[in-house]
């Protein structure tokens, strides 16, 4: 069974790296105005990897009837791989915005890019927390999530208040911020899963 | 190398076969000899007249009766005491006590029967108050009984030990009292116990030495427990050493009867161990 | 209703049994309570200061590697331990609040109220199936044939064996399969109307199908009785038991609701044992 667990770990680390790249690529494409075609490829690959992780976890449960930390790891695996898959999916969504909206060079991208940096930081933290099973780091993620949430809402409020102005820029910014906010949420979930593996504690649902 | 081993194999087989033949030969010849010599003496008068060294119409009637009665008394003493001792050795007491008792029983079994005879002679034949002293059927029964006790004790305890402990545990775990569990275990060991009793009985029935010192012998039928009595083994001894051909012939006849009896007991043992007794 | 574990696994095993947190249900109205039990075979101590409460009408499993004392523990509960030469113990075992080792207590009565099923099925070989079932009653002197028949049928039904043997009740107890023999032994234990049923690795000599039947039976029995099952098979414990106790080298290490223990054990030792790192 240890072989299987190691393989799962490796798969997840692969997905982590790939999803980080996907998100970076999509943000780059946005800020530079390029196409970001490779993101689609990465997102598909992440979906396939998620399926693999899921299948392998189920096989391990069926064959070895694991318990305790091994069992918790398998449950968390499936949740975390879904998280990485979603990173990729949202990266793809961001590049789709670029496709749909066309030329955005005249928009003020500063705010979005700043938020994106914070989100990417959260992604990095989630990956590192998982790789090292670092519960301390996992605890820090929700704080940043609050910041990203606030950015998203602030932008929304401002956009509504402005009434008029460039619809194209406003909408594209709003959409991308929405996706970033979702990515941040998943980073939090991944942090929770890391804690679950180590301690078996799951946060209370409010 | 291989050839040498095969030869060794054959040699060992050969030795073993020869040994078996050598062992069985005397046994077969005893049976043959006794039968051939003894069967001639069997007649109705032989079986119905009493021991009598005068004249030519003696018989084993009172000897048969005597053996039967003496063995009866000896069993009445030996079986109950032996059984309960065997139960004690197997079911009660610590390992230390059980081992000591068994050791004692082993020693007693090994004591030459003449020694037991002397003991009973001085304790009963000589020392009992009149009219209970002297050579008596009672003394004979006591002597043989003393010999029977350790044999029955040992065979009983061995038979009980063969019953797997899981049975005792099953019964105890049900909340069954110890004495009732023991009866259950005895029922399971009944084959071995009965075999032991039969063996002990046939062993003492064939004893002669102690009887010389206790029963003495008699030409009459049973005269009461506190008078002397005749037994088959005494009959064989007395007639066999008499020197008179006719009487010697009678001794062979009695031997033959004894042989048949031994055979009968062994058959009985086989039957007992084959049949399973259902008992709750 | 759950107590969430307070922190990451503890590095060392608990100092004494009073450190072990007992599941809530067991604390409420335990039917059997073991208090500071120590047991020896000669000079070798096999139980070290074990204290625990067993929940009424539930199945409690005791797991642990060979030699951890789990069999000895249950044998102390039905007073079979003391029958082994040189076996001694200290501490007490309470049944419904009364110490079964008290001076006034009749050990034989305790054994009737606390039944036991052994590892290797041991029906009485010279008895029929029917006689085997009611042996506990017959050996105690009950003679009423009608009553015995009723008891036999009832017990066999409870043991999920009636349909399979109802047409051959007079056959020897040894003439049925191993799994059926074990259910016969269970029926035999049920016939004397115990309150607690102890099982010492009851399925280890049986094939998977027979094992499954008995596990199903155990779960059903816990509606009426309290079952304490010793098993070296952790999957079995996780299948049948509401509560599980883990023992190691004579000490009680952890005792919790089965699902919780198998998902998030509190003790490092428990974690290592159930994930197969030793034992």
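Letters A, B and C mark the chains in the order given here, with residues in each chain numbered from 1 onward.
Here is the rule we go by: a residue touches a chain if its C-beta (ideal position, glycine included) is under 8 Å from a C-beta of that chain, and two chains touch if they have at least 3 such contacts.
Keep in mind the model is a prediction, meaning the values are calculated, not measured.
> Report the chain ID whose CA centroid sits closest to the centroid of the full protein CA set.
Located nearest the centre of all protein C-alpha atoms is chain C.
> Please name the chain that ends up farthest from chain A once chain centres are defined by their CA atoms averaged.
Relative to chain A, the chain with the farthest C-alpha centre is B.
> Quick one: chain B and chain C, Cα centre-to-centre, how many Å?
Using C-alpha averages as centres, the distance is 49 Å.
> CA centre of chain A versus CA centre of chain B: separation in Å?
96
> If you average the CA atoms of chain A and of chain C, how far apart do the two points sit, in angstrom?
Computed value for the inter-centroid distance: 51 Å.
> Residues of chain C touching 2+ other chains?
Not one residue in chain C touches at least two other chains.
> What part of chain C is in contact with chain B in the complex they form?
78, 80, 83, 85, 108-113, 115-116, 118, 120, 122-128, 131, 135-136, 138-140, 185, 188-189, 192
> In the complex of these two chains, what residues of chain A are touching chain C?
Where chain A meets chain C, its residues are 65-72, 198-201.
> In their complex, what parts of chain C are in touch with chain A?
Residue list for chain C touching chain A: 4-5, 7-8, 234-235, 238, 262-265, 270-271, 274-275.
> Touching residues of chain B toward chain C in the complex: what are they?
Interface residues on the chain B side: 94-95, 166-167, 169-177, 180-181, 184, 187-188, 276-280.
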